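The two complexes that follow have chain A in common; it is paired with chain B in the first and with chain C in the second.
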Partner chain A sequence: MTNVEKTENIVPETSNNIVIDEKFEVKHLDKTSDGIEVIDVSGDKLIELATYLKMHINTQFNMLLSVSGVDKSDCYEVVYHLFSTIFKKNLILKVRLNRESPSVESLCGLYSAANWHERETYDLLGINFNNHLSLERILLPKDWVGHPLRKDYVNNDKRLSWNER
Partner chain B sequence: MPVKNYNKSELNKEMIINVGPQHPSTHGVLRLVMTLNGEVIKDTKPVIGYLHRGMEKLAESRNYFQYLPMVDRVDYLSSFFCSAAFCYAVESIAELKVPKRAEYIRLITMEFNRIASHLMWVASFLLDLGATTPMFYAFREREDIVKLFEDLTGQRMMYNFYTFGGVKKDLPEGWMTKALDLCKSMPKMFDEYEAIITKNPIFMERTKGVGVLSQEMAVDYAITGANIRASAIDFDLRKTNPYSVYNEIDFKTHLAQNGDSYDRYRVRIAEMRESVKIIEQALKQIPGGTPEKLKVKSVNCGCKNEDCEFCGFDAQLVGKKLNAAVFKPPAGEAVSMIEAPRGVITCYVLSDGTNKPVRVKWRTPSFSSVQVLPELIKGKNYSDLMPIFGSLDVVLPEVDR
Partner chain C sequence: MQIILTAVDFIYNWGRSNSLWPLTFATSCCGIEMISASAATFDISRFGSEVFRATPRQADLMITAGTVTHRMAPALIRLYEQMPEPKYVIAMGACAVTGGMFENDSYSVVRGVDRLVPVDVYLPGCPPRPEALLDAIIKLQKQMKTETILDRKKYLDAHKPRVTLSEDENCEVLLPNEEFEVIHWGVQKTGYSKDEIATSALSASSQ
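On to the complex of A and B.
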């Protein structure tokens, strides 16, 4: 932590950062309504970009706050919320996945926090994280069928009564 | 009966025990599958999900106003923070302005809620360690705060008080004097706890140097709130990314250096004292002043000026009256981050322009705290489980959502 404090406390606006744009082929999406930057990245480049953002002295996004999945009608989206405890900055990374076999590399090796958050996303949305330590259900029972937060999910569990389905 | 002679290999056998799901000191329903070697914990596997209510799934089938009362149930000990997180997210999508008076009322209630939540934590933590007396002390003040909330909202736990663009009701008459009186008496009460707990040799023996959370581990596991501040990382959203009117208020963040259970206790006590100061300042600075005076003055004023002190925008409670049936925020997304008693609550709301949210994602701080537990108790004695787990301030409904 000591050498960090010596550096200047300036985060260059990542939207103007040409290095990121060219190296990782990212797209800058509209900012969220409360002004957090959103970066769209392809699944293959995700690990490289996340490593760069975590390790680079001017960004240092060292905390993965949450991973959430969204079911858009044409694709699945995985949304990573990054935070830098040094510069107190937010960043959102988005990865779009196809509907047939949604899978993306796991960030477990980079952030330990990713472990449970990715399990939750797998549990509720059925997105596969490659090279995850133990990808199994976390909130729902092990024998649950289907992934509830998918928009085409229908609950046909025979154990539930008619008004609970 | 002959005594059986155990040989060494039998004694070194590992044993798997199951803590919970119903266990008095797991603060809810958490199951821990532990591998023990004698008294030493070798491995732990937390099993969660017993309280999963599908908060995120329920949001799909309800409109924004129907979902608002459910939000309080995410964390029953700090309901105000959860509804604030959802309100701020929706407000920034719909671009609703919140009047200053409403923001101040939110701030005062949130800080009172923080004290109530920390008091509950002190009570349950000390009860986990086997000390029964502090519970009665802590519940005495908690009762006073809960009574204030009852006066204000009509509820003792799930308040359902915030709405998009402000709060539902003004402070009742006489509420501010009651709150000020409580603020004056509370620091003396905290002195009473500190007199029994802080220098207590048994308490210090059981918590000092136990469950040390290093800085790297805390950041890696995204631990937030008082737990990370006990590890000397200055991360307080109220200070660094101020959300409500925290930038108008002068307060300090309290840090501790060692990151053990004892420091987490000290940070929380210091935070409660700081919260009292915040409330006192807010009660002084609130635009419009006491509700009795405001009522008289705004009736007599009638100037319809935007920046009038008594009948302008900042003295209102709701920025813009919304029709619950047809409220449709524009398409967009927003993330709100709130510094709750247990850490950072983020609420990610995605709207597509209809009256129902497409996706609401809750990031709750206890989820991360439970995740780091196996790392913290590895290689410790079984008797250290509760001093460590209790000090993390985990509320299970929040973990499972």
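On to the complex of A and C.
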């Protein structure tokens, strides 16, 4: 593990890494209250950036903690929490998607943990993950109508009349 | 004849009520209280219910301990239907009685298991203490001791699930049973039109 100590000394702050900034056209947002860097990236560049962050020796974000979605009224936002078990460092990626047809490339091939998290995000927010292995509902019955965590969701399914308040 | 039946009923009910075998059906935190009731401190075996069965085929009593969601509801109904007659249900905890804190706005929680299956004892609390569960079991035993074999037909008619699974395998949402309409606290609230449900099912499958 002596290698680790060496690389830890030379690893730059990810937010200051010029390579990432230029190559992937990212935008740095404010850090969270506990000092985790937040990076805004466009949907086209997401898979390249995630591959870079996972594979590059100076970053090695080899663990995906969670995938979640936010409905921001004017757009949808998908949030990825990455963690490097080598450097003990967190990183947050945010992707903004348009309201009409929110879709983003799936990270299934890169992180197997993304599979169920992306299914949940699809289930509750209706965000489509392209090239996902089996993008179907995970928490709700498969013929459920609508995506409940959207701001404009209204449940008027007549089949559920037995469960009205 | 009546005297003989009374004697038979007495022995039959005594045997049944003192060997109520519950089904292990713990869906959230009430399950911890149920486990606690079966452990040494509270000792549910004093009332003959210590044999928690992991299969519905050998259980008489379903203690629905916890929140039931739309996703869980088909499993609950299937387990209930697999239990042999006569069978009983205790709705344990606020979520199983009315939906609890999820009753107002939740899209996913069933507002009380009495909308799915008939309930014999309602046990409120969030979660109820193990003593309360023991009290519910004693109340159920007292109720069982008043029953008679002559009413068995009536009993079987009343103990049907109130919603049904669709025959279409692509339909996982539970549909209202035609014999029952919308039920809340054992009372029918408003009716529904079969056509409305059919059209909404069609639109769901087309999406």
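Everything below uses one rule, namely that the second predicted complex is superposed on the first by the 147 of 165 C-alpha atoms of A that agree within 3 Å, B and C clash if a C-alpha of one lies under 4 Å from a C-alpha of the other, contacts with A are read in each partner's own complex, and residues count from 1 in each chain.
Heads up, the rule we're going with is that a contact is a pair of C-beta atoms (placed from the backbone, for glycine too) under 8 Å apart; a residue touches a chain by one contact, two chains touch by 3 or more.
All values derive from a computational prediction rather than experimental measurement.
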Which of chain B and chain C A:Arg159 touches, first, second, both or neither: second
Most chain A residues touched (candidates chain B, chain C): B
Touched partner set for A:Ile47, first chain B, second chain C, both or neither: neither
Chain B versus chain C as contact partner of A:Asp143, first or second or both or neither: second
Footprint overlap on chain A, comparing chain B with chain C: 139-141, 148
Touch list for chain A against partner chain B, complex: 1, 32-34, 36, 62-66, 68, 70-71, 79, 81, 83, 85, 88, 90, 92, 111-113, 115-117, 124, 137-141, 148-149
List of chain A residues in touch with chain C within their complex: 139-145, 148, 153, 155, 157-165
Complex interface listing, chain C residues touching chain A: 70-71, 103-104, 107-108, 110-111, 115, 162-163, 170-176, 180, 182-183, 189-190, 192, 196-197, 199-201, 203-205, 207
Interface residues, chain B side, partner chain A - complex: 48-49, 52, 54, 56-57, 60, 88-89, 92-93, 95, 215, 217, 219-222, 233, 235, 240-241, 332-337, 344, 346, 348, 350, 358-359, 361, 363, 367-368, 371, 400-401
